[in-house]
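Both complexes below contain subunit A, partnered by subunit B and then by subunit C.
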Partner chain A sequence: MKCRKCGTTAVINMRQHRLSLCQECFLEWVPHQVQRTIEKFHMFVPDDRVLGAVSGGKDSLALWDILLSLGYSADGIYIHLGISDGDYCDVSQQKVECFAAARDVRFQVVNVAQEYGQSIPQVARRKRGRSTCGTCGLVKRHIMNQVACDGRYAVLATGHNVDDEAAVLFQNALHWATGYLARQAPVLPASHPRLARKAKPLIRLYEREMAAYALLRGIDYIYDECPYSKGATTLFYKDLLNQLEEKSPGAKQQFYLSFLQARREGRLLPMKSGQVDMSVCQRCGQPTTAPELCAFCRLWD
Partner chain B sequence: MKCRKCGTTAVINMRQHRLSLCQECFLEWVPHQVQRTIEKFHMFVPDDRVLGAVSGGKDSLALWDILLSLGYSADGIYIHLGISDGDYCDVSQQKVECFAAARDVRFQVVNVAQEYGQSIPQVARRKRGRSTCGTCGLVKRHIMNQVACDGRYAVLATGHNVDDEAAVLFQNALHWATGYLARQAPVLPASHPRLARKAKPLIRLYEREMAAYALLRGIDYIYDECPYSKGATTLFYKDLLNQLEEKSPGAKQQFYLSFLQARREGRLLPMKSGQVDMSVCQRCGQPTTAPELCAFCRLWD
Partner chain C sequence: MKIIYRDKTWELKGRTTVRHAIKKVGLHPQAVLAVRDGKLITDDVLISGDDVVKLIAVVSGG
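Moving on, here comes the complex of A and B:
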């Protein structure tokens, strides 16, 4: 198998793109894809200060690596969730620390238990109506938004790849959750002074490509999935989409990108269906759909 | 396992409805579901003359049986496609003949090869741009429409169950084919004098329920799938949906019915997105989107 660009031996064959590349060309190709995505969706510009949400996993560390290599000014935010099974959070924090130290870049840690008195597993056990993953998502979104706003970053960048986005889209399509369908986007504008702009520069790249990128760049990341993700519905949807991709390479990306296109062209979801009335949380000041306290602040009562 | 209605031994457990029924209650329950569907979607009324599209398979023969037992005046139309592998069409025609003779009901046969000079496999081989299944669908839709219009039937009823509809919806959602999404419906009005009203009274029932109904009613149907359906994409989509249903009973029906609801409420597609400009075929007089001859008439040139 030869590299399509230079003819030397290829290290990866991407059936979905009908493209085989050698290590050197692949490590050029990935950042080029990311740069194209950033430009196409007007995510941010070179002068913008970017805050990368890093978990210690392959996608977020690779994203940070790519943003730095493309010349963007990118700091990191790591949230320690207090998940102690297999030292999950301690190990992933170490991965982020090593990454940042080797590149001499800035990153900030928010330790949920230290900051708010309880870890994610503790607060999830107390709040029986919410799943652990639901609680975790809520807490992470809140803290990332707060750090991005407080630090006056132009944008918060997350490492969602096309597998992640397609799985969420699949879930929302299976339930025809039109409100969620209307709001799922590569870039979300800062529609409120206390709401950070959000961008997902990896949405055109497959999970497998990100794993290969991290490996070939020598990025040391945490291999384990979060211990709470076992049996998660999202993983089941990813499995179904993988079967689809296996049968028809490119189907996953096509599913996601044709959704964005249909919506952009006004063929799907009538205008304004994604709009939600917002008020402001009386405790933290972040926008919320609740009348007094936002869901995050109510967690700790 | 006890029947939820009468307490005797159940013969079927429908996890998706959390309902176990004995033979007698199940054979009452199925027609009741069909009657509710006919009324809810205003498909037809007791005085209407119904034309049932029958293939010799379990769904269409069970539908015919149910319509008759509900007191509707229902004739049948069988289309002989000229598929000779395993005597597929001859055997299925016999099943329809036996069914009709036993109940003394009227049915009409259209033999494609006799009527138009070539069987479906023959014309499909000649038309390389079209798949066999695509050609077959086109021919069947044309003939059924013609027979329904010529016979002045109020409605053409087909045996699509929720598995069929969910698979088509799944395919259209995976490609965000918004034109198709706009037109997939439980009932299609006769929007033109040469376009029959169409209805799908089985859309709330699972394939498994229809198989059980046919079995328990002693309906002799053709078990084999069409030999050309092997490896069909629709079967692959049905398999993915079955995995979903296995994990979450009811998911398939929920997927389909919540789609209808979202669209009805105007949350999914912009108004009028299903409308297509129609002209009339200069040979057969049926509506078409083509400028002169419809796709059916062009098949035979």
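Moving on, here comes the complex of A and C:
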């Protein structure tokens, strides 16, 4: 197969775009797509300070690499979750450290066990009824938000791709979780002084393209999955969506982007008439719908 | 030809495309990338004989 742009041997074929590209053209095409997404959804501007949420995986490190190559001022935040199976967190932190050192960029590490006294698996075990993944998500969202606000970053950027978003959308649609559907957006504004603006610049790129980008750029990322993700429903939904994509190229992208369009045009969900009542957590100061302590602070009691 | 994915290895006979080989070992072409001799290859590439193709999982998250 030949590159559609220059005619040399292609390294990737993107059936949903009917586009095959060689290494050089693909490595130009991906950042161009990201820049278009940033502009289309008004995510941030070149003068903004961006905080990239990095896990050591392909998507977040590729996103950081792309933002830097596009000239954005992007620092990183890595959260050590205390997952010790196969040294998962130690290895992923090493990947982030190597990436940052090679590019001379700044990043901050928050070690959950050191900072709060318990690792994610420990607190999830103690809080019966809370899944490890649910606890992990809550802790990561809280810490990332805190670091972004304290560091006065304009935006917190995460490496969610089409596959991630389509899987979550599928899950939420299966349950008609209208609250979650209403909040699933490429950009979440800073609707409170202690809530950081959040953006997902990779939402037009497939997971496969991000893996190819990381590989071709020589980014050393953690290949192994989080040991707690085995059997996760999101992975099952991704598998189902990949079956659909195989039969109908572009199905994942169409599913997600059509949702965004319908949402934007108010065709899907009624626009909320008023703001949700928010109070401030008495311990950490972050906004919460709970009367006294936020869900994060209640975890440690 | 040899197909390698994580800790598994399959030996396939004859001449086939990468895409067909991926399906033959029970994987989704959407869920992997194929690498031969350290280089990324598209799934229409014909493989045979002594070819060794490493499949890289692209799915992550939980």
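We take it that the second predicted complex is superposed on the first by the 298 of 301 C-alpha atoms of A that agree within 3 Å, B and C clash if a C-alpha of one lies under 4 Å from a C-alpha of the other, contacts with A are read in each partner's own complex, and residues count from 1 in each chain.
Just so we're on the same page, contacts are C-beta pairs under 8 Å (C-beta built on N, C-alpha and C of every residue); 3 or more make two chains touch, one makes a residue touch a chain.
These numbers were taken from a predicted model, which means no experiment stands behind them.
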{"item": "Subunit B versus subunit C as contact partner of A:238, first or second or both or neither", "value": "second"}
{"item": "Partner chain in contact with A:191 - subunit B first, subunit C second, else both or neither", "value": "neither"}
{"item": "Subunit B versus subunit C as contact partner of A:247, first or second or both or neither", "value": "first"}
{"item": "Touched partner set for A:176, first subunit B, second subunit C, both or neither", "value": "first"}
{"item": "Touching partner for A:255 - first (subunit B), second (subunit C), both, neither", "value": "first"}
{"item": "First (subunit B), second (subunit C), both or neither touched by A:58", "value": "second"}
{"item": "First, second, both or neither for A:208, with subunit B first and subunit C second", "value": "second"}
{"item": "First, second, both or neither for A:266, with subunit B first and subunit C second", "value": "first"}
{"item": "Residue contacts with subunit A in the superposition, subunit B compared against subunit C", "value": "C"}
{"item": "Residues of subunit A contacting subunit B in one complex and subunit C in the other", "value": "243"}
{"item": "Interface residues, subunit A side, partner subunit C - complex", "value": "1, 10-13, 20, 23, 57-59, 133, 163-164, 167, 206-208, 210-212, 215-216, 223, 225-226, 228-230, 232, 234-235, 238-239, 242-243, 245-246"}
{"item": "Footprint of subunit A on subunit B - complex, ascending", "value": "173-176, 178, 236, 240, 243-244, 247, 251, 254-255, 258-259, 261-262, 266-271, 273"}
{"item": "Touching residues (chain side subunit C, partner subunit A) in the complex", "value": "28-31, 33, 35, 39-45, 56-62"}
